[in-house]
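Here's the structure we're looking at; comments come further down.
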């Protein structure tokens, strides 16, 4: 089933076109990896999917993005949308509050006040993010006292707590050490049973390890997309091949 | 002839060792390229050659650096040294004054006041930096109004104006567009007839194009050095080969 | 508009049910007395609330004329500050007399000055103490600001309305700073309220008369002025009761005397 | 997670409401500023409109006889007094302030941040009456004893204001110098310049807009300071002929006479005109700073 | 070499300036504290002033200063914080923003005596409150608002954008993001700023001469009736502060120990400023540490 359908998407920062006629479908409960050299528009693209680009001044968007068939720029309220499409960022960005409050933040702003229910959500989310065992005794410590890898998993738990359908991850491991990276990759493998995941990565091997589908961007264009194995071992486009074999980038 | 001889150079930032037992000689009137991945100590190394690291607190240096046989940390006055060893930085850093005053700055602080002589120096230096034709009508305009590439050539002219013997360049083109980069590479080719040049670069092709010798740094160590052709096509060390063929970095 | 009040003695038993709010503002010279009297009055009549504010004579007169406050304190007649029409709407209650003394720095050997000598000094004709029988020393005149009631009184009574020499004088904001400046400045001369006098400055006789309360009461010493409490129209109720209280022996012989004022009830001179 | 529609509506309303509240707060700043101008102007202009005093007399005559039957309110001596005392104070505090800013950033960063910076912050915090009181009890007698004169003098005012404007100038120029990119320092050192040459020929010129801003702000503070100055300058309503003579300023004459004159009289109106003048001068300084700041090259 | 000599001379000069300033401040502070040392006792701090005799204290004045400070902060913190939020989070470049900014700058360099006179006109006379605590607090608010706004704006701006993005990505409204994430993260900076400016409010005199007035009723602390002139809760009573009292004692002090009283009051005022300074640093650090979890 198609979870997300992107049709003829153009995006301009002022006069500069950062995305050019992107057409791309995302399968439900799968992992899509976005690859491409720096500045090709990967971050820009994932940010259109939960309308984070609305926050930047001078951004113009045309084309359509459908989530379960609904146009997210027309039929869906932006706050509702972001609840359904969660996001994890490149640099871990926990709030400067306790571990507990970080995870409870989302449910709270969406109106859940019941203490017991919150406890439940926090525990479940931390479990799902494979962090529970490490932090269950320090829930009331500041989230900033965690290590970088733990912080990133906390951010994932925070996202899971609002029970999204899609999770966007923009280079979620690029600021982390190899061991933390491994843990998060394992986590992604588990999460894809329940969520649709789109991950941006610079790391070819990571893309190979975690994704079912891969899309290759270059200069704002989507050059090629398809099942990861096909794109990696049998690219249709010469540029994809050059990039994957490390000839530029 | 050896212009610079570096023997057993160690450098610490506080407790962190950034350079480890570096031994390297630099031939007079040649171009030496320093290559290596980010953080390997290239900048740190060139900055020891004109003692710019003296300005950073907590730096400890041992070993010797000889310039024409004199120990620059013992026998040469630091101001005298910097006059003989000029430096061009990664980001163009003209002073916020006129083009003319930028170039005349060095001669002036070294005591030249004669207007006619200054005019001569400014013209000659701008000529040598291949900038004269572009700026001769705007000498009294602010240097900040020039383009990035022009600013970088202005910085080179500013360095030439003090008639150094050695010129250090720390990634001088990394902030510039391809055309400006080309101009500066041409310039380096001309300058090497009169000056000894040490250039740090991330760009393998650039190193190949402009340098006579190449030194490869990794994690604060000098892995290998020698004539550029030899190092590029016949590296002695496996790590050098891996780096040059793009396997990491 | 100066319907002066007769002292009243017997209002004590009348009412414990007297009530209301009174706001008093104006002269800073009269402020401590008003505060003390208000405190005593409020102890007697717990239902009356009195607020005493400063602000200066000009402020007191302006605000009472505007009806913003009930009593405007002033150390100068309203006619001298306000335009004639506004002044007419106010009723004057003279509650005390304040005397002023000519004071000099302690290094000045002169003990007495005549009115003419003072005129010559303050208008700048005499600039050296030797011309009035003192040491060969420059005279430093210290004035109050032109808006001061003290200065107006001195100018009217002693200088016969002639202008002071501004160009060579110092101007000090208030009695306290004048006293300090006179004490610290060699050859200085000025005038301050009697209550401010202490041994840091030397007090001069005026035309041979000592500036004492008794001399003022007896009409021998002329440099003094009234302290006024103005109301807009005739006072009633609590305000009237308070003004009456001001004239009672309890105040006149109590805090009023203690604060260095002269009881108006004693005055023989006018 | 289920969505409570009521809650959704509520928080959207709160969202708008919040924006409205903070917008009103910001508007309040405009309203306050505007009404300040309006009220002070309405009183200050009556000298010219209602009382028929000419602007020329007010600004350019030195005859201040407001207690006369035909009041004269020439205020030139107060205006010049304010200018004299402020400008001279700045002439001392600006070099000192800029020097200590340079010390903190260029010479001894650690020492500067550990000792000088907190010291300067305390300087800012000391109330002006305390400066005035110390000036009155220490400085005035000192001047009179060692330099002659009465002690109450232009000099005393200058020195008190020097101390009071120093922290303003120091902290604003510290910010200006701090914000200069490290690259231009390195460029200068790499050319063989000494530290002093770098400061003199690169840092100071590049920080000039910021330093000018600091000086104008200091000047504004000096101009507007009232009590400390009034306590030590002697309040003689004439233009002083030497540093040891007493004088008056715009603020000192206002403090002395405002409370003792009745509203609506020419005298009182003239004091309001002086207040209005003070307001205009302070506003002019701000405009000057805006213009100077616009010329700044590094932002 | 000449340039090296000049460099040495310059270095010596800069050190001399720094040493001079530090010594100067140190001696100024020690002088003030030394002069006031005899008065630094509970009795002086709590008892009311006396008029004609020695031994009066500064109780009501000290209390008024604190009460005025608190009322001023109660009024100016919400407005200043609101305006700071607006400027940092909502304001778009344009004429209106320029005008607000110009207003902030104009207000922040406004001579305090002009603010006092404005207060006299509007808060004292027009409202009919007379010289009063509330008039003084409003005048101080005018002085404090621009500072408060700037402190809030700067602190809010320095909150990293990644936190805002994290909050939006969870589906927060803008207001929720501001209230729950941005402002709490900016709190250490805001609080440090508030306390530092509190010192300035505490020592202000010129703006209060014409607003809070130069007199204070003897306060009766058991009187909680807000309309009684002796009640500390009455905000329309005149409220002479410590700084104003120094000014007044100096000019009209009848007490024989007027000089000592002024010395003592000056020392108290200075101590309060020092306390505010230390408190601001300490609290700012503590909050920051708690927030970043390095406890």
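Each chain gets a letter, A, B, C, D and E, in the order it is written, and its residues are counted from 1.
Criterion: a residue touches a chain if its C-beta (ideal position, glycine included) is under 8 Å from a C-beta of that chain, and two chains touch if they have at least 3 such contacts.
According to UniProt, the chain labels map to these proteins: A, B = Phosphate ABC transporter ATP-binding protein, PhoT family; D = Phosphate transport system permease protein; E = Phosphate transport system permease protein PstA.
From a predicted model like this one, the values you see are computed outputs, not experimental measurements.
S.K.: Along the shortest chain of touching chains, how many steps lie between chain B and chain C?
M.R.: Shortest path length, in steps: 2.
S.K.: Taking each chain's centre as the mean of its CA atoms, which one is most distant from chain D?
M.R.: A
S.K.: Could you compare the number of C-beta pairs in contact for A-D with that for C-D and name the larger?
M.R.: Between the two chain pairs, C-D has more contacting C-beta pairs.
S.K.: Any idea how many Å lie between the Cα centroids of chain D and chain E?
M.R.: Each chain reduced to its C-alpha mean, chain D and chain E end up 17 Å apart.
S.K.: Can you give the whole-Å distance between the Cα centres of chain B and chain D?
M.R.: Centre separation, chain B to chain D: 48 Å.
S.K.: From the mean C-alpha coordinate of chain A to that of chain C, what's the distance rounded to whole Å?
M.R.: Centre separation, chain A to chain C: 83 Å.
S.K.: Determine the centre-to-centre distance between chain C and chain E, using the mean Cα coordinates as centres, and give it in whole Å.
M.R.: Chain centres of chain C and chain E, defined by C-alpha means, are spaced 36 Å apart.
S.K.: Which residues does chain A have that touch at least 2 chains other than itself?
M.R.: Within chain A, the residues that touch at least two other chains are 79-80, 83, 109-110, 162.
S.K.: List, in ascending order, every residue of chain E touching at least 2 other chains.
M.R.: Answer for chain E, listing residues that touch two or more other chains: 3-4, 173, 176, 210, 250.
S.K.: By residue number and range, which residues of chain D touch two or more other chains?
M.R.: 11, 136, 194, 197, 231, 255, 258-259
S.K.: For chain C, which residues are in contact with chain E within the complex?
M.R.: Listed in rising order, the residues are 23, 25, 28-29, 31-32, 35-36, 39, 42, 49-55, 63, 66, 68-69, 173-177, 180, 195-196, 198, 258-260.
S.K.: Over in the complex, which chain C residues touch chain D? Could you list them?
M.R.: Contact set of chain C toward chain D: 28, 54-59, 61-62, 65-66, 81-83, 140, 145-149, 152, 163, 166-173, 177, 180-181, 184-185.
S.K.: Which residues, counting only chain A, touch chain E once they are in their complex?
M.R.: Touching chain E from chain A are residues 50, 52, 55, 79-83, 86-87, 89, 91, 93-97, 105-106, 109-110, 141-146, 155, 158-159, 162.
S.K.: Within the complex, which stretch of chain D touches chain A?
M.R.: Its residues touching chain A are 1, 3-4, 7-8, 11.
S.K.: Going by the contact rule set out above, which residues of chain E touch chain A in the complex?
M.R.: Against chain A, the touching part of chain E is residues 160, 162-173, 176, 180-181, 184-185, 290-295.
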